[in-house]
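My structure is below; once you've seen it, I'll send some questions.
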Amino acid sequence: MTSNRIVDSVDALVAGVRDRAMVAVPRDTSGVSMAATAALIRRRARGLHLVCVPTSGLQADLLIGAGCVATIETSAVTLGEFGLAPRFTAAVKAGTIELKDATCPAIHAGLQAAQKGIPFMPLRGVLGSDLVSHRDDWKVIDNPFAETAGDPILLLPAIRPDVALFHAPRADRHGNVWIGRQRELMTMAHAARETLVTVEAIVDDDLLASDETAAGTIPSLYVSAVAEAEFGARPLAFWDAYPAEAVQISEYVRLARSQDGFARYVARYLGGGEATTAAE
Amino acid sequence: MTSNRIVDSVDALVAGVRDRAMVAVPRDTSGVSMAATAALIRRRARGLHLVCVPTSGLQADLLIGAGCVATIETSAVTLGEFGLAPRFTAAVKAGTIELKDATCPAIHAGLQAAQKGIPFMPLRGVLGSDLVSHRDDWKVIDNPFAETAGDPILLLPAIRPDVALFHAPRADRHGNVWIGRQRELMTMAHAARETLVTVEAIVDDDLLASDETAAGTIPSLYVSAVAEAEFGARPLAFWDAYPAEAVQISEYVRLARSQDGFARYVARYLGGGEATTAAE
Amino acid sequence: MDCSREELLIATIARLLEGCRHVAVGELSPIPGAAAFLARQRDDRVTVLGRLKNNMFTNGGVELFDCAAQGRIDAFFIGGGQIDGEANINLIGTGDYPRTEVRWPGCFGTAFLYAMVPRVILFRQEHSRRVLVPRVDFISAPGTSAPGVYRRGGPYALITNMALFAFDTARRRFRLESVHPGASLEAVLDNTGFDFDRPDEVAQTPAPDAETLSLMRGPVAREIARTYPRFAASLFPDAAEDAKRLTGHLPG
Amino acid sequence: MDCSREELLIATIARLLEGCRHVAVGELSPIPGAAAFLARQRDDRVTVLGRLKNNMFTNGGVELFDCAAQGRIDAFFIGGGQIDGEANINLIGTGDYPRTEVRWPGCFGTAFLYAMVPRVILFRQEHSRRVLVPRVDFISAPGTSAPGVYRRGGPYALITNMALFAFDTARRRFRLESVHPGASLEAVLDNTGFDFDRPDEVAQTPAPDAETLSLMRGPVAREIARTYPRFAASLFPDAAEDAKRLTGHLPG
């Protein structure tokens, strides 16, 4: 029995991402759905609030360059050994995106607060960073459990994304998704209202049937839709399954220095020039 | 290479549990080390502060009956379909143990606070329960993120056990422990200073070598010592590996109605009458 | 068609679950468990969550509570050593805390779930003034909360061996909905320690129809036998024998 | 024995790790990574944590931070677009936030880890007035905290291509410890934008001995080649070739 969670195409999958949605995406090495990123650009998504868990790279830079992003909450945007993220950098300079700079454990804590249905989560450290003064949604209180007066502590509001969007090795026909030790993907799915996943393959086994596979599986309970997309993380690396397409990413870095060059990259690699069906 | 985390006997393992230690133990179905429980009773452990994650049954009742427990923090003590826990019930009536009654998610939240190194964790619900008025270590504040005034919310202090003690199916020779989907065992290990584990078997494979097994594995980083103890959860059931010894537990319920009967049970099943080496 | 008291309870609870998507049940709740499985037989979008064998949870013991906090659980069941007329429940014991004369296991997750799950069904077979008291000795979980206290769940109904009550949160009172076949209004009044509302004409709880009974005795019985083998052995002996042969396990 | 600048840095950082048990390194930090592997060659109780292949973490991206918060991580490395004389670091950019003239990736976990890890080693190869500034434009993570602010970690040393500094938290100032072979005190003074303490006689950073060099060029090089293949290709070409043959992977 194939669940109605299994959809036919990545374009159908991203129909679940409305304009202005808050979308949580994982960092480059955890399972980025570049297939869904391309589909979002093809359907000209607008006004997205990206939450990078806890950083992003090529995915954020592409979405920013394509005009899909209004706000980005992140601990960093970087192409790693390929260098700075050109469209992110340009958008910051131009002031065309709202920045919610954060620090990695603060983003994890905000998602865990949503996962637990609590309005906020405390976090040690961070005080004294200029991040705190620029985040008017963060609060500092005196630790109510302190033995002596004072002891300020940072409180982070829950981050409850509309959508968690990522790529995983496999899902079964019920919509259970195996994510192995990339546990932040499970936190994202628990925290988000909807979870959309591309996978390398859809398998016949029930991933919850044994404790061995269940240990690394997000139950379908949290999964809204799954689409098969082989090599769906390319040109990024995907775990140990395949390496980054270094030539393509280097070409991106070269072209995306300008908005024109960025458009050429999109046309060449993402089918941005083709007529596509808008999702909604 | 066998890590020095692998110890020769369960008695050597429980040498790591000092008198008056705060010891976190899982609920009956998650992997209770009854082998270590017997060893603690043999070595006449005293003054333990048991933290039941989030409930306990035969293990807590045995330790209470044997005089090992000064304080118990728990959401329930019950023998399930076998009935009420007789020594727990008697100790409550006699006032010989300190009770820190809790509710399941509060214990999980306290451990997660310790896992995250934060002094407290908020939790929704619970307000209006008499639990709150009897727990002077819990606090209620007005939610600093509330849009309108008021909105009281419960804050739970971190629970940082000295020892997490449980039973698992297998460990490798480095001391990595596979716990499958019993994720609370990982939270306990992260939260506790020391983690002591009995396992059905020690295996030659490296549990961290593949994403498949790593997904359900506590890394040796968090594990102080492991001892092999086949059927180490008996007479309790252990996952799907073996069922409860219903006859033995029923006999426990019958005998443990009185302290004398309890002593007979211990002598018969736990070797309590034998000369044993005190651990320290 | 004849049915047992347990079958009546299962069918009645299943009716209370109509419209629910995710129903959570505890380990020791075979009758609510059977009701949830029955609801799933009728609507395959229903999922039954909780501490079952082959359950759907993969994030440890905290997941049931997180899941409820996320608003993903529509219905849950709570018993109670004492239940009072404002739907407060006591799972701690009788007498003065902490040295209660009678000590029960403890509050489990009720203090949390009662506030978080929209449709909490109070289920206690014993219908007596010992259980249904004017005021509980210890509030494990309150039936209602003060204004301004965050709450999105609470008591929906109370079902016993004698009767079905609905709970009116605004009035903080139970209302008698129906009396089970074999019981009477007088017996309910005699055995209830708290005051409650009731219509002029009290209905009888309807017995399950033939189709419902055959679902219960067929597929539901087989599912129950896997999770609650001892219970199934008394209620549905045939299905229990099948399950025992398949798993070779005593209950655990 | 001749050694490269990178080998000098690796050996010097490894000395700074003496006595550490758990050392965490980032993905893009090959020199600190090599230093951590060297420390492990010398003491097999050392564990190297972080985003390595076959890493020890199984609880997702949050685990590094939780682990540090639990007090299990003894040393960590932070770079910095700007570092000032009070050990404040800036990873955001230059100019006025948010529309910084130059924008760097962002703060990563530094704002947290700087406060939680006892021995944070600031590592930046470029030694210039552009990097080592009187006052950072944006404090991603502060070098010191006000009294009463919970903090159990912070800056321990700063190492660049020219020199090694220790940080004195009480005085909130760096102290020059040694100047690397090939650099001079004058060059350090010319290229440092902040004021710092120094002894009357400034030592030279000792070069690694033959045994250390052979550890670096042997087992350490092979470990580095697995995690940082591009870096290894330039520094330890033989080991990198071996690793490439074994994995067939480009860096990712």
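To keep things simple, chains are lettered A, B, C and D as they appear, and every chain counts its residues starting from 1.
One rule holds for everything that comes next: a contact is a pair of C-beta atoms (placed from the backbone, for glycine too) under 8 Å apart; a residue touches a chain by one contact, two chains touch by 3 or more.
These figures come from a predicted structure and were not determined experimentally.
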Starting at chain A, fewest touch steps before arriving at chain B: 1
Co-neighbours of chain D and chain C - touch as defined: A, B
Chain located farthest away, centre of chain A as origin (C-alpha): C
Separation of mean Cα positions, chain C and chain A [Å, integer]: 40
For chain A paired with chain D, centre-to-centre distance based on mean C-alpha positions, whole Å: 28
Multi-chain contact sites of chain B, meaning residues that touch two or more partners: 116-118, 123-124, 143, 153, 181, 186, 214-216, 240
Set of chain D residues in contact with two or more other chains: 57-59, 65-66, 69, 116
Category of the chain touch graph - line, ring, star, complete, other: other
Interchain contacts (touch definition) - all pairs: A-B, A-C, A-D, B-C, B-D
Residues of chain B that touch chain C when the two form their complex: 26-27, 29-30, 53-55, 74-78, 80-81, 84-85, 88-89, 92-95, 99, 101-106, 108, 112, 123-131, 134, 143, 150-153, 181-187, 236-237, 240, 243-244, 246
Chain B contact footprint on chain C (complex, rising order): 27-28, 51, 53, 57-63, 65-66, 69, 91-93, 97-101, 103-116, 138-142, 145-146, 148-151, 230, 249-252
Chain A contact footprint on chain C (complex, rising order): 22, 47, 49, 54, 56-59, 65-72, 116
Touching residues on chain A, where the partner in the complex is chain B: 109, 116-124, 139, 141, 143-146, 153, 155, 157, 179-181, 211-216, 239-240
Of all residues in chain A, those that touch chain C in their complex: 114-118, 186, 190-191, 208-209, 214-222
